[in-house]
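These are the structures, in structure tokens.
The following pair of complexes shares a single chain, subunit A, combined with subunit B in the former and subunit C in the latter.
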Partner chain A sequence: MSLANIASAKAQPSLLARLFARQELALFVCLILVLVFFSVTVENFFSVRNMTNVLGQASLALTAGIGCAIVFISGEVDISIGSLLATIALPLIIIMNDTNSLLLGVSAALLFGLIIGVVNGYLTAYAGINSLIVTLGTMFIMRGGVYLYTGQRAIPDNASLDSFIALSDGRLFNIIPYSAVIAIVLLAAFGYMMQHRPFGRQIYAVGGNQEVARLAGYDVRRVKFICFIISSLLATVAGIILAARVGSAQHTAGLNFEFQVVAATVLGGVSLAGGIGSLTGMALGVLILQFLSNGLRGLGLPTEWQLVITGMIIIAAVAFDEAKRRRANGG
Partner chain B sequence: MSELTHASAPKRFIGGQLLGSSQLVLGVILAVLCIAISIAAPQFHSEANIIAILRQCALVLVVASGMTMLIITAEVDLSVGASLAFVGCIGMAVLNSTHSLALGMLAALAFAGGVGLFNGLVVTRLRVNSLIATIGTMMMLQGGVYLFTREAVQNHNQLASFTDLGAGYVGPVPVPVILAALIFVVAYVTLRFTTLGRYLYAVGANEKAVRLSGVRSERLKLFAFVVTGLCVGVAGMILSSLMNAGQPTAGRGFELTVIAAVILGGTSLLGGRGSLFGTLLGVLVLKVIDNGIIILGWNQDLQMVVPGVVIILATYLDIIRNRANVR
Partner chain C sequence: MSVDFLHPGEGAAIDTDVPALELRGIDKRFPGVVALDNVDFTLKPGKIHALMGENGAGKSTLIKIMAGVYGKDAGTIRMRGREVDIQSPRDSLKEGIKVVFQEIALISEFTVAENIFLEGYPTGRTGSIDWKKIRADSAALFNRIGFNVDPAARTGSLPVSQQQMVEIARALAHEARVVVMDEPTSSLTPNEVSLLFTVIRRLASLGIAVVYVSHKLDEVFEIADTVTVLRDGRHISTKPIGEHSNDTLIQDMIGRRIDNLFPRQRGAAGGKVALSVEKLSTARKLDEVSFEARTGEVLGFFGLMGAGRTELAKAIVGYDPITAGTISVDGQRLTPHDTRTGVRLGIGLLTEDRKSEGLMGELPVYQNASLASLGAFARMGFIDTAKEHRAVQDYVDRFRIKTPSLFQQVKNLSGGNQQKVLISRWLMRGLKVIVVDEPTRGIDVGAKSEIFALIDRLAGEGLAVVMMTSEMPELLGLADRIAVMCEGRLTAIMSRDEATQEKILNAAIG
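Now for the complex of A and B:
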């Protein structure tokens, strides 16, 4: 980290160049371009209704993306979040059906999420198993477990609590969906933690150079352990929002969700190598992809084309970013 | 880093040529599994069942052979599942319109090899992380296959030679098993006994050192991507022959099964370490578990849970064993 600072101080680039070197600014410009393009080409795209709708849709990936980005920054990966979405919906819906209490249901879901985070974190940080393997394993175990338990059938939400339904279609001041409010609050809180709290800086240090972080006296294992717990708990929140939206515990919920989140996070400039990136970048990455898919649908393109174009954009964006970084490093 | 380079050096202890580090653990797991299932269900070791297991292994092993090479070079390909489905559809469509197995096969190989080439170029030229690049390709292929065909491409010819590809036998051995064995042997010899193979290990262990010693590391990675693609081409044709149609929905999660088998076999995701023999054992373990669950009459959804446990457990055992060795 400090080495990079010294290097950039030596080069002394102009203010403008330094501004554009900021990942977030480049992403912000991309987002504006996407918005402008679709505002011109798609009717009703730039309406309050559509904007807030997209924000609501993006809340799932935004919430889970915080955890994904934090785990990436710590130098690990978590691809179990898609299966987790389906898993925690079971205790949530079942407990709610039994007790008619949103609080108990959500507590049960968070407890499940916590346990999954502890398992992922322990196996990675303390047992020393590669996190891709661990979370690939727990991804299989959870998805299989959900199939086993449900017999591949959805469990409907019979309680139909108003507070739970409000999570899917309720809006703050009748404008912003509650799910988006939750995502924004979490984003602000964790963004503050990552940039201004000692623990956040420890995560960057651990991901940037594990050996240096250890020598500086940080408990590397504990930091990584906690990152996995954060990731699982945030994915749990996303899972609760999803369950509210579909009004049931779906055994197929969150299939491929981990890939979408990983793609958006990397698009947002969070490096898989660890130590680089910000939650702002991740959020911009999620919004770009979400507005893109919404706009393409507005243009009347079938979902298949959306997949194709999204795939191309992810590759192009990361390639562009990589080229920029190499030029900045002088090679 | 020193650990990696050390591990990539050829092993010389007794039996080490064949049974490197984690293969021993895996061999024991496989043996215990086979014995346990045989005791619980004697029909497990009937000839018919063994052939059935081998046939199921074939498809995974074909792709896993290429994937092992790729992961040894420290890259990964998540698009193989989506590519498998697309290849099956294209191969079948060409077969239907040309009535020629050779042309269908050629189209499948060209397409799958092209996907591999694309992945390889994006990773080596544009320097995109392979995990992200191939997620991108996966999305493009998943969308693309539905643009190509909305429903399964049915087999209109019923060419005997095509049906044999998936369902035929040579003596008692199924054709896909022979194909898988051929590809496995070629890949094994390449990795083990050729300069090219040793360079693939070297690129994965320390790419910079390889480049500084005058070898074009990008070409080696590109090679591994294309080989993986070609393997998917073969597997795609076998699969569409088995299903007697090209299914756009085929291959969901196939990439994860393949990668799980390779990792289970002790190939390190960091590159530079691993062996095809381990991959073979990994594929066998996963498929014996699958088969055992069916034979014992257990719930088939366990076919997802048990491999998950086995992957984590086997990796953990390997870590413990390595620690013991260091002491």
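Now for the complex of A and C:
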């Protein structure tokens, strides 16, 4: 137990070694492979225009994916986000049409998202109902509600505010879509929170082992509650961008969106069991799937095939991950 | 007057007259059970106070009330004379009560350093976590205690003994007034135990009140100043350790005298060969292990930490893969090498880790007991539950399993009774060979002798019992023959008569 061997045992592994040990690197390599493959096979794939376009398309899943990953890491799931996208477009568009104010519209949308987050979070964390059931329920309720309210007709954005339209086709320095800028800023902020703020680490602890977290003095229910609110608010942001893009509130908006996000999150190495994964991984998962879909379309493959390939990739990725973990644990 | 183990100089002078923690008239009821009945428990600063009692005596309930895991039904809790309201673990931690539970309570995905500061991360001015300080402070803490654990390691990758040291270190990372240790030595080596005792004495010298819960009498006599004994949820005695002998302590704990901890009822050992293992090797540990076990005998395996006892136990029942060698039960080869074949041939494992490998805690007693024998209760593919219940009830009666009913969730039973449920599971299946791994881990004196009697009875009924143990008295008291392992190899095998502690230890060191 000498000082010397404590000190040597504590030496930090090099940055490269730490990177290699992480899943993010494998994902990053995958992303590069996807980019290289399609750059060679698809004309104009590797152009600033196409790259930034894909980034813009990916921004919805990136933004909502942050919340999805955070809820996963806390050990729960939230599949209500797709319906939420359609639902919050109603207060957003209606209020903007009435008041000509983006601020009021966005505030109304966020308030609505907050309420859904509170409902999901309360029913899961405090009432103790399984989160898959809760969010499956709110998913149906919201989708049904939107169908009923709109009579299955889109409600167009009549205010046509410049600031709102900029969300869909505006670009920072004329290059990067604003929606991608929003996603990147949110990713950086929440990524920082997850790794360097006590609350972020509490989420990992709660998902890693709820009992341990409670014994360490954490308010497990409150942590989960807040995760659901974060998820709903981020899905609301994604919903606002989507509404700007389609210029209306549509009853079919965000249909199956939750599964795209869940797929990308799982591909990014975030465990459904909680406590494992990172937002970086989730983001790489989103980008891989988005570029893949864009590239396959460039190759002229029909959408049906994209679905089949995406499904195979997800299962393969998770199986690979599982095999790696098993080898690491020596089983 | 709180004391921070990292900065001991800052503690003020100790006033030893005012109790650090005083529990008065504590009642706690669970549906159908009075867990604690008007219990008093007073801790003086700077003293090491042992808390003893059989399973179900109320020790863990009392600890959990101190830790804020359970609320009390009646009574008062005072910290240094001031009444406090402890409703949650957070309240308890805030008062400086640190409990090291027996079950490892760490996040396995986190680094050691992060686990050490789990209950409160040091933050910088902006409220962000100061990782540098976390790493430095945990290294300093380990250094100060003398534990050799790598703060940067992923906690789940460490062996259990090191995880236990991390748990202990964690209790000291923040200022503490009361440190409660629940069986802290259950997976430590003798060296680590003596290190732990040094730490505990240091804590006491800093004015911290230490509660030491253990079933090991020798440990209690070595470390404690005072002993409180609980029995059936009631306070029985609190005395300075000097006023106790082994006998009086056991008597207080069980309310009667145990004359013989190892009652031998069975006859002479040595029937025909029931289990034959030849040149068994595994990828990571075992190296050409060969032995035989006969019907009616207890073959005891001894070894220090890491000798490969558990690995051997898991390999011979077909649970863990092997790389070479053969296993035969009653002359039949164990191939394919899996537990399904093992159980069919009649070999089963009584695991050391009841919670994760033995029991389905949420399920009722009867389902846990009948698990391996469902085929015997099936009629045309449907389980005859009446027959199943009768069979389980029979074992509950025979082994005197203390449970309110067959339908009680098995997690609510005491360790000793859980162990009996697991033994029932295997007996019901009609085993020829039973492998028991640390059969009394986490089980206290009174229940221990019952488990010993049960093992004796298993051998008496003609089973071959292969017992893995790290407890010398258990080994010498129960085994007919003793096998000793060191680093995956079998280094000695001897009869009980030729065995001495010295011989065994020599073989264990290799």
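We adopt the following convention: the second predicted complex is superposed on the first by the 310 of 331 C-alpha atoms of A that agree within 3 Å, B and C clash if a C-alpha of one lies under 4 Å from a C-alpha of the other, contacts with A are read in each partner's own complex, and residues count from 1 in each chain.
Going forward, a contact is a pair of C-beta atoms (placed from the backbone, for glycine too) under 8 Å apart; a residue touches a chain by one contact, two chains touch by 3 or more.
If you're wondering where the values come from, they're calculated on a predicted model, not measured in any experiment.
Of the two partner chains placed by the overlay, only subunit C lies in contact with A:Arg214; subunit B stays clear of it. Between subunit B and subunit C, more residues of subunit A are touched by B.
Contacts of A:Ala205 after superposition on the shared chain: subunit C is touched, whereas subunit B is not.
Of the two partner chains placed by superposition, A:Glu24 touches none, neither subunit B nor subunit C. Once chain A of one complex is fitted onto chain A of the other, the partner contacts of A:Gly275 are limited to subunit C, with no touch recorded for subunit B.
Contact residues on subunit A toward subunit C in their complex (touch as defined above): 1, 3, 5-7, 9-10, 12-13, 192, 196-198, 201, 204-205, 208-209, 211-219, 275-276, 330. Those residues of subunit C lying in contact with subunit A across their complex are 67, 69, 88-90, 92-94, 99, 101, 105-110, 114, 118-121, 123, 127-129, 131, 135, 139, 142-143, 146-148, 150-152, 195, 284. Considering their complex, residues 78, 122, 126-129, 131-133, 135-140, 142-144, 146-147, 256, 259-260, 263, 269-270, 299, 301-309, 311-312, 315-316, 319 of subunit B touch subunit A. Residues 123, 127-130, 132-134, 136-141, 143-145, 147-148, 152, 259, 262-263, 266, 272, 302-308, 310-312, 314-315, 318-319, 322-323, 326 of subunit A are the ones that touch subunit B when the two sit in their complex.
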